[in-house]
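Should a chain be cited, it is by its letter among A, B and C, assigned in written order, with residues numbered from 1 in that chain.
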Amino acid sequence: MKKVPVQFTLNGEEKAEFVESGVTLLKALREKIGDTSVKAGCQQGTCGSCAVIVDGELRLSCLTLAERCGGAAIETTGGLAHGEVLHPLQRAFNEGFATQCGFCTPGMIMAAKALLDHNPQPSREDVVEAISGNICRCTGYEPIIQAILAAARANSLSAA
Amino acid sequence: MGLGLETFPTLAAAGEALAANAAARYLGGGTLVVRSANEGDVGFETYVTASERALTDIVVADGRATIGAGVTMARIAREPALGFLAPAARAVGGPAIRNMATVGGNLFAPVPYGDFAVALLALDASLDIDGEPVAVSAFLAGRDTTHAGALVRSVSFTLPAEGSFLFAKASRVRPKGASVVTIAAVVEERAGTISSARIAYGCMADRPIRAPAVERALAGKARTAEGIAAALAVATEGTAPPTDAIASAWYRGEVLPVHLKRLLLPA
Amino acid sequence: MELRKEYFADERKDDLKEIGQPRLRADALGHVTGTTTFFADRNLPGLLHLKMVRSPHHHARIRSIDLSEAGRHPGVVRILTADDVPHNVYTILTLIQVGPEDETVLATDKVRWKGEAIVAILADSERAAHEAAQKVKVDYEVLPAVLSIDEALAPGAPVVNEYHGQNFYRYDSGECRKVRFGDVEAGFAGADHILEQTYGSGPIEHAPTETTGCIVMPEGSGRFTCYTNTQAMFFTLDNTSIILQMDGAKLHMVGGTVGGGFGGKVDVTVEPIAILGAKLTGRPVSFIYSREEEMQISSPRAAEKLVIKDGVMKDGRIVARYVKAYIDAGAYSRHSPYGAQKSAAHFPGPYTVENVWVDSYCVYTNRTPSSAMRGFGVTIGDFALEVQMDKLARLVGMDPLEFRFVNAYRDGDMKAHRQPTEGAALIECMQEASRAAQWPVAEKYLQMSSARREG
């Protein structure tokens, strides 16, 4: 199968790779670029473990073809921290016990970031809706909801 | 063999490529066809897609809306001129799916998916297929026969009167979950009685269907418990609900009149 | 968090330093930064993808398997069959001397459930493996199947698993695990009321977000490094060593990070065959369940059927409890004979009943083999028992919580298994639950203690 060049930014860094033209963004990120923070949970679009942000919008990397992301700005949880300084969402998930097995966490944090980027002060209902496509089978939804609300509060404090 | 992607500037060119290659599938938002490939469907090896501008246009003018087949559920949900449709668009998937899933794809979604197509059926939408208008009801009926492989450019419909479009989706998990039953309706009233009603169901057959017996039973009646009683009594007429991991056929039949009643009676 | 230290205050020193203190999880930093390494987070050059060809039938005889076309498919490196497996027997609990040897790794002459593994394709890409799987031709003679406990135990039912000869596991104690305590018939004869109810449950899939899988790297030293998400590292090591007839020292199992397990990753279903593939090809091998396989193939919690018959007095005392429990093992034993045994051991629940009779059966059906899941053999029984307790309370006109106080076990009570009760805390838990849930009970119940009986 023919390989095609694809170029995008990943967490602000320029990336260029040759990929099979029908390959998913999930596989391109994990197997070509080496960002394994993006997880393959179902590859059906039902679990949200592979969620990434493409040009500001939450997307499922398992159902997105890499070639169609040419020129895009892609964000993943793997690039969210600045060195040892955690993003407020990461800090809130860490301190609030909002992660158990950890497999859903990167996708969950991306869904939460997509929410806060558009809606910095969400209601609880907004949060529930925002993570409604992400499954946590350790069933830790309540700490996750609380962590996202805590991160939103921390953001508003630092902005004030 | 690996999978390839071919992108064409027009839908017509994509159609020619599909006609020439039995192992090609049209790629819209990817939520159906990429899933299929991920799950081991080796029946195709090429994705074909089109970048034609009209596929992502929304035009609302002169009491009519035209939505390109490539418009996503998220776009519809935030389009001010289509506010009445936002609940139907938001009923599809979670936020990430809504950023990807398209109007065109929803027309092909198998049960228990395809909630937006139920709304289009109640709106009596018309599809543009190769420049020809095709009623959404006719398209759905022939989805895997006469209209198999059809490329839909856009859907259009007359904007319903204010407050006349009703939509409900029952699922087991909130806020997101696959449908137990989905109901869309356009109910117009004049002088306290129902002058016309179009009722469409999702998950009450292998594809969205109209409920003509209910529509007939509602005509000329008041939107009261007594007025809709006859319609509720025939709610399941003509249905053949599936049994799947979400619900049994029996359960769907039992809860349908309950949800129909809640939808039809003003709060 | 709130600790209620007044309970059992005289039984311990009050010097807890960690309990009750918030502590960060040791692994959470890796989770929130996406740097925790799960088994699949490895890119090995030359990786082969293993795809299992599985039975589309619930029960069938295999007449023949034709691999000629699949073997020629571009990208296919090797196809494994039962003949390639050195010791083609899978017994999960063999490490603790619990058989039986009733299951193969790859099917030979028969398949007994829809999804049973038959041959394994090793190919350069997942796509090539999927394509080749379509070209494997298996000629089946479809046989009648039994898909429920009742069907399996009906007279004349097709035998699911010839190893057992009948559709239930034969224990050293006979056709079921048995508990006999007191005289249950005399108990019923003296009871004011008798209530018999039947409870049922379906199989339950764990559905972890990370599917079952492993990646195997053949090392130059002749060892195999197996990155796995097993929950049962030593069962995996032991079973793999036996199945492959390979010295355990050659198997370097790397695990510990599991993307959700809940018991669903206790069975040893991917590692032996993936390591065999790596051995026979000399290349690294990845065997990862698809979501569909995780839902259909990985073993669920067993379906159960429970018949509970109780004799109860007007004052609320349960005087006799008779239980028939049926645990649906699916087509093979795995953990289910043990699960059915746990079920027997769990009745009559945390209550003191003088007359108890329990029969617990491990039943075979042509369904996906069931296995471990959070308290298997026990939780469904608890569901049934506690619904039964509510119904009994209603029958005698008592508050359901007070009814449980009347019957709760206490230290010193002889249990049906002839173990004296010690360390009971049910009374105290219910007292606290009564307060926390604002579900008031009579003062006399708040004065009760697990340590002694009144009067």
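Following the convention adopted for this analysis, contacts are C-beta pairs under 8 Å (C-beta built on N, C-alpha and C of every residue); 3 or more make two chains touch, one makes a residue touch a chain.
This structure is a prediction, so every number in the text was calculated from the model and none was measured.
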| item | value |
| --- | --- |
| Topology of the chain contact graph, where touching chains are joined (line, ring, star, complete, other) | complete |
| Chain pair, B-C or A-C, that carries the greater number of C-beta contacts | A-C |
| Subunit A and subunit B: spacing of chain centres that average the CA atoms, whole Å | 29 |
| Distance between the centres, which are taken as Cα means, of subunit C and subunit B, whole angstrom | 41 |
| Subunit A-subunit C separation of Cα centroids, rounded to whole Å | 33 |
| Contacts with 2+ other chains: residues of subunit B | 1-3, 39 |
| Touching two or more other chains - residue numbers and ranges from subunit A | 43-44 |
| Where subunit C touches two or more other chains, by residue | 290-291 |
| Footprint of subunit C on subunit A - complex, ascending | 30-31, 34-44, 46-47, 49, 76-78, 80-81, 86, 89-91, 93-95, 97, 99, 101-106, 109, 135-138 |
| Complex contact set, residues of subunit B against subunit C | 1-3, 39-40, 42 |
| Subunit B contact footprint on subunit C (complex, rising order) | 51, 74, 125-128, 130-131, 133-134, 290-292 |
| Complex contacts: residues of subunit C adjacent to subunit A | 24-25, 27-38, 40-41, 43, 206-211, 257-262, 290-291 |
| Contacting residues of subunit B [partner subunit A, same complex] | 1-6, 27, 29-31, 34-35, 37-39, 45-47, 74, 93-97, 99-100, 175-176 |
